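What follows is a pair of complexes built around chain A, which joins chain B in one and chain C in the other.
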Partner chain A sequence: MKKLYSNKLVILSLVLPGLLLFVFAILAPICLSVYYGFTDYSGMGSYSVTGFENYRELMHDTAFWTSLRNSLFLAIGFICIQHPLAIVVAAVLDKLGGRGENFFRCVYFIPNVISVAVIAYLWKFIYNPDFGLLNNIIKAFGGKGDVNWFSTDTAIWAVLIVLIWHGFGWGMLIYYTGIKNIDQVLYEAAAIDGADQKTTFFRITLPLMKPVIQVNVTMAVISALKQMETVYLLTNGGPGNSTQFAANYLYQQAFKAFRYGYGNAIGVVFIVICLAATVILNKVFEDRDERKVRRLSGRREEKAA
Partner chain B sequence: MKMAGQRSKKITKFLLWAILIFVAVIQIFPLIWLLDFSLANSTEMFTSGLLVIPEKIQWGNYVKAFVDGHFLLYLKNSVLINGLAVLLVILVSIMAAFACRRMRWKLSMFVKTLLLMGMMIPIHATLLPNYKIYNMLGLTDTIWALLIPYVAFSLPQGLFLMTSFMESVPVELEEAAVMDGCGIYRIIFQIIMPMLKSSIATVAIMTFLNNWNEFIMASTYLSSPKWKTLPFSVLEFTGQYSSNYAVQFAVMALTAAPAVIVYVILNKHITKGVAMGAVKG
Partner chain C sequence: MKKRLLAALLTGVMVVTMAAGCSSNNKESGGNSAGGSDTVTLKVFSNLPDRKTGQGLVEQMIIDEYMKENENVTIEVEALDEEAYKTKFKAYSMEGMPDVVSIWGQPAFLDEVVDAGVLAELNQEDYTDYKFIEGSLNGFTYDDKLYGLPRNTDVACIYYNQKMFEDNKWEIPKDYNELLSLAEKINAKGVIPMAMDGGDGWPMAIYLTDILFQLTGTESADIISKAISEGDFTDENLVKATELLKESADAKLFQKGYDSQDYGTAMNLFTNGQAAMFYTGSWEASMALNEDIPEEVRENIRVFTMPAVDGGKAAATDITAWNGGGYGVSAKSEVKDEAVKFLNYMYQPDKLSKYGWENGVGMSAQDQSEYMTGEETDLMKQIVDIVNHATSVSGTPINDCGPSVFKTSIESEIQSVSNGSTSVQDFLDTIGSACK
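After this line comes the complex of A and B, so read on.
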């Protein structure tokens, strides 16, 4: 058994496809990006190595900083608007029971299976100032309904709304699963103790959902950082750079502004930021849990002593 | 006392339904609006009402969308590419998961971490260098330009899920198989794989959802219609029929339809798969 399970050749044959894919599709491109990030390559013709020139420029590039700020805005929007809504709706749905429960769960998830291409164009029409659904709704309630949703100040909100709408079902489903995994006995005990719905939600549901919330918050921040497709089709970063995002910006720089080298430099910084964000978020959540465990076990030891 | 309790229960029930229906309307009404306008005439759209009742239902919009949107070709490409990607992800991730989880070698943890790292790398940062690489190797405009990145970027998640599911498979089973003289490959494909059926379904669903709607890689690496996928029906149409809004609505409804129909039919399995995958991930 042992010999069979440590046969180097077999092991190699099993991991080689995965490793090759990783090297070819992820590692090699990153290395190439690092290289081109040090050049002034336009995408065609000759180029020269310029060292850290691109990175120096990037530090003073307001569009890039705007795109990071927009990611932060989205992340906060997800965490403060989308997720509380998703948790509450999941808790409400959990109470419903029966066929209705499955029906609503199914309905909420439908936007998620529709292509971003369709979603982005559909919302472009919904925001349309002439016959858009949103302005028509305002008119139906007696307003003027001539809002330009894609103005410099409101465009980022317009993007946020689309993303919240599109991703709502996903978040809801995960919270819903989390709630379903909570032991029913706890609720019964709470009911016997005379706790009302609100107390039960804040004292039992929310605390027990903490691990799920942590996973979801991490995902929200990462997806806010990685946002591209929706913005690319909806506003393409405009007006100006008011809805710019890092991924969209590097794409524009490389393929529209013909600054392939600069685009790659943005890509490198972008990867570093994504890695850092993931590591930091995991550390923050892990540490807090571990510290708590340590504190609790410490207390127990004190007691034992 | 008892009656009051019943009444408040009824009110709660009513409130629950009201909230859920309100959210459902928000989530679904834009899609109903889309369907409604896709059957209207372009000039009818400039109403101030929320929906229009088309004077004559314009099925012609859908005919135009179907033909000029290359619907069948793109649908076939999407199904083929995504199907292959799912198969490859499952195969490669099971093999790697078994090697890293079950077999004994020094670098197993390192290789697993390395492969999982892919989860943190943003796809978009690889668009520029991959374009260059595929160009150099003559892979642009071939099926490989989509298949390779689709599999590579879904692999970390697949591997992660497979390794965590594999822990639930009892080792004793394998030991018995080894006694009977089974090789490693037979153990993986004839003993482990059938036991991981629901996990395989989860990985398949997650991979499919990830890649089915992908278009930014496709639009970067492809130029001819030969391998273009379903989202291109929509992307190409806005230029072609820029003023005929109703036809644009029709093409959007048409390209969204396959995924929505499949979802509604398989919704129990899909929600279960997503819940399993997302909670573990």
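After this line comes the complex of A and C, so read on.
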């Protein structure tokens, strides 16, 4: 068997399908996107190469910058609201045990199982200023209940709440799995040493969850940048461009405004931003780990000396 | 030996997998001839996904009849709603368009499509006996060549609930100021004055066209055309029309959150009796026949057109109307003759026009007078009356007059200018630069 795996033909046959898939489904479209980004292609008929014209225009396109700002806003929302909540809920669920644990795990994951289209329309009705659930609740408590949740000033918050709520279950489930993989012996040792719940969470759970947090946060940031379908169905970027997100704006330009070339230029900038975000996040997490390792080994060396 | 056999097997599997992935389904590729040489498969790509009511039903009825009369022809329909339709239309234009397609006779759509060579030229002389209304083919003509046929005559309408008006002693406004004071009275009763689909942008763009037409009369088309060609929207009438739109939103003429609500939500507000008026087009005349709408609303739906604007040049009988949607044939269709034959069959005066009339889907682009039975709904009679007494029509709404970049821009920015988050000047500057 060992000899079989050293046969280059076998190695090639095993690697080639994946390689071809990567080349034709990812690399080639990216290369084509880069190429079309330099053209004025409308998506139909002929086109001409316009050099960096699309990129020059992009630099002055306020709608694009608004959409990018909203995407980053969402990423911050994910990191600062969704994920801390998801870790805490996962830790509490882990301690809950029994039927309650299974029940709440399912309940929190339900929004992820429901189709995005259903979610979007559900929230559209919840937010509706004339007959929506939210305004009716306000009325029930004696308020006026005539809030326009999708007004230019508040629409972005309304959209963020839906997106954070929708992705919460997924983040929580990954954290929950991570917590379950932590060796129980550590918790027992901590208990013997007299550590309370809070100390256990901050000193054992959180540090050991770092690899999971790293993966989860990176995924969250990328998904915030890629956000399209919920926003498209919920507000389609409106009113005006107040809830415009980068991926939705790309779609609008490429397919509605017949500006395929410009859409591709947005796509290229988008890929660069996504890659940069991934690299930065990896650096942030990696550096801390490395720093810690370096510090520890330094201390050990001092002690040895 | 065993090792080589296993290696050969793995390589074989890989080749088969790749071949399967790369192969195309030859049986499906043409789709135009299946079986015998006489058998023809026509692919119809439509923007009417509802095949049970309204225009979709009419289209399906004709398709079924055509297949019945031509047993060798099979018609496959793919129907998507408008936005999804336009996206897929573009995808099809790259890899092969279905044979008969829905199109729009407006520069925002047709110019790019014709330039890309997607549509086949039609023989204008074929249609001399088809009773098309004078000028209705203009939007589908590009460089004096005909590329499609119009399906409807669309009229911008303000539908209202007659019973609600009578019960509250509200009068149909004679001018725009009366409309705004009516809005105040209706709001005071806790009812929404006018349901507006502001989320999509295009109904408000039609509304803007409507106001502009009332302000400038027959000059409006020239004003729009000049503004778009020069990318300059500083014309005082355009400024005034936009200010009036904003003033209307400020006066709470539209429902709260109108700028983010979609067509269905706006329509439901009206059909559920929560709104006294609904701004849309004559294509919704079938509301009077729709049994899903509560009877007390359904039977009381009436219509009026945009009231006169102070100092406006339009007469009370001048209306905002245009010929928008229609059909064309793919230039690369392998069964072009059959596709044109089917298209011509659809447009025989006793087909699309007659069935459309009978199903209350609004005004056709062909003369329908001979199909009037006198038993049409009051709403239909009113719309016919409005069209028959029209002294002039506006033509294509402003959002469809320019390139699609302009269309996307105005439909997005109009929400911001109406709700006050963008100034009138900034709005006009932005849509102007989209034309350059």
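Here is the rule we use: the second predicted complex is superposed on the first by the 271 of 305 C-alpha atoms of A that agree within 3 Å, B and C clash if a C-alpha of one lies under 4 Å from a C-alpha of the other, contacts with A are read in each partner's own complex, and residues count from 1 in each chain.
Keep in mind that, in the parts below, contacts are C-beta pairs under 8 Å (C-beta built on N, C-alpha and C of every residue); 3 or more make two chains touch, one makes a residue touch a chain.
Being a predicted model, the structure only gives us computed values, none of them experimental.
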Checklist entry - Thinking of the overlay built on chain A, is A:G238 touched by chain B (first), by chain C (second), by both, or by neither? => result second
Item to check | Partner chain in contact with A:P129 - chain B first, chain C second, else both or neither | outcome: second
Item to check | When both partners are placed on the shared chain, which of chain B and chain C touches more of chain A | outcome: B
Checklist entry - Is A:N7 touching the first partner chain B, the second partner chain C, both, or neither of them? => result both
Next on the checklist: Looking at A:D193, would you say it contacts chain B, chain C, both, or neither? Reply first, second, both or neither.
Outcome noted: neither
Next on the checklist: With both complexes overlaid on chain A, does A:T177 touch chain B (first), chain C (second), both or neither?
Outcome noted: first
Item to check | Touching partner for A:G100 - first (chain B), second (chain C), both, neither | outcome: first
Next on the checklist: So in the superposed three-chain picture, is A:P17 touching just chain B, just chain C, both, or none of them (first/second/both/neither)?
Outcome noted: both
Item to check | Residues of chain A that lie at the interface with chain B and also at the interface with chain C | outcome: 4, 7, 10, 14, 17, 130-131, 255
Item to check | Contact set on chain C toward chain A in their complex | outcome: 3, 6-7, 10-11, 13-14, 17-18, 83, 86-87, 90, 93-94, 112-113, 115-118, 192, 198-199, 201, 255-257, 259-262, 265, 269, 274, 403-405, 407-409, 412-413, 415-416, 419, 421-422
Checklist entry - What part of chain A is in contact with chain B in the complex they form? => result 1-2, 4-8, 10-11, 14-15, 17-19, 21-22, 24-26, 28-30, 32-33, 36, 89, 92-93, 95-96, 100, 102, 104-118, 121-123, 125-126, 130-131, 133, 136-137, 139-140, 145, 165, 168-170, 173-174, 176-178, 181, 197, 212, 215, 225-226, 228-229, 232-233, 247, 250-251, 254-255, 260, 263-264, 267-268, 270-271, 274-275, 278
Item to check | Residues on chain A engaged by chain C in the complex (per definition of touch) | outcome: 3-4, 7, 9-10, 13-14, 16-17, 20, 42-46, 63, 124, 128-131, 146, 148-152, 155, 235-242, 252-253, 255-259
Item to check | Of all residues in chain B, those that touch chain A in their complex | outcome: 12, 16-17, 19-20, 23-24, 26-31, 33-34, 37, 45-50, 91-93, 95-96, 98-100, 102-105, 111, 114-115, 117-118, 120-130, 132-133, 148-149, 151-153, 155, 159, 175, 178, 183-185, 188, 209, 212-213, 215-216, 220, 230-231, 234-235, 238, 245, 248-249, 252, 255-256, 259-260, 262-264, 267-268, 270-271, 274-275, 278-279, 281
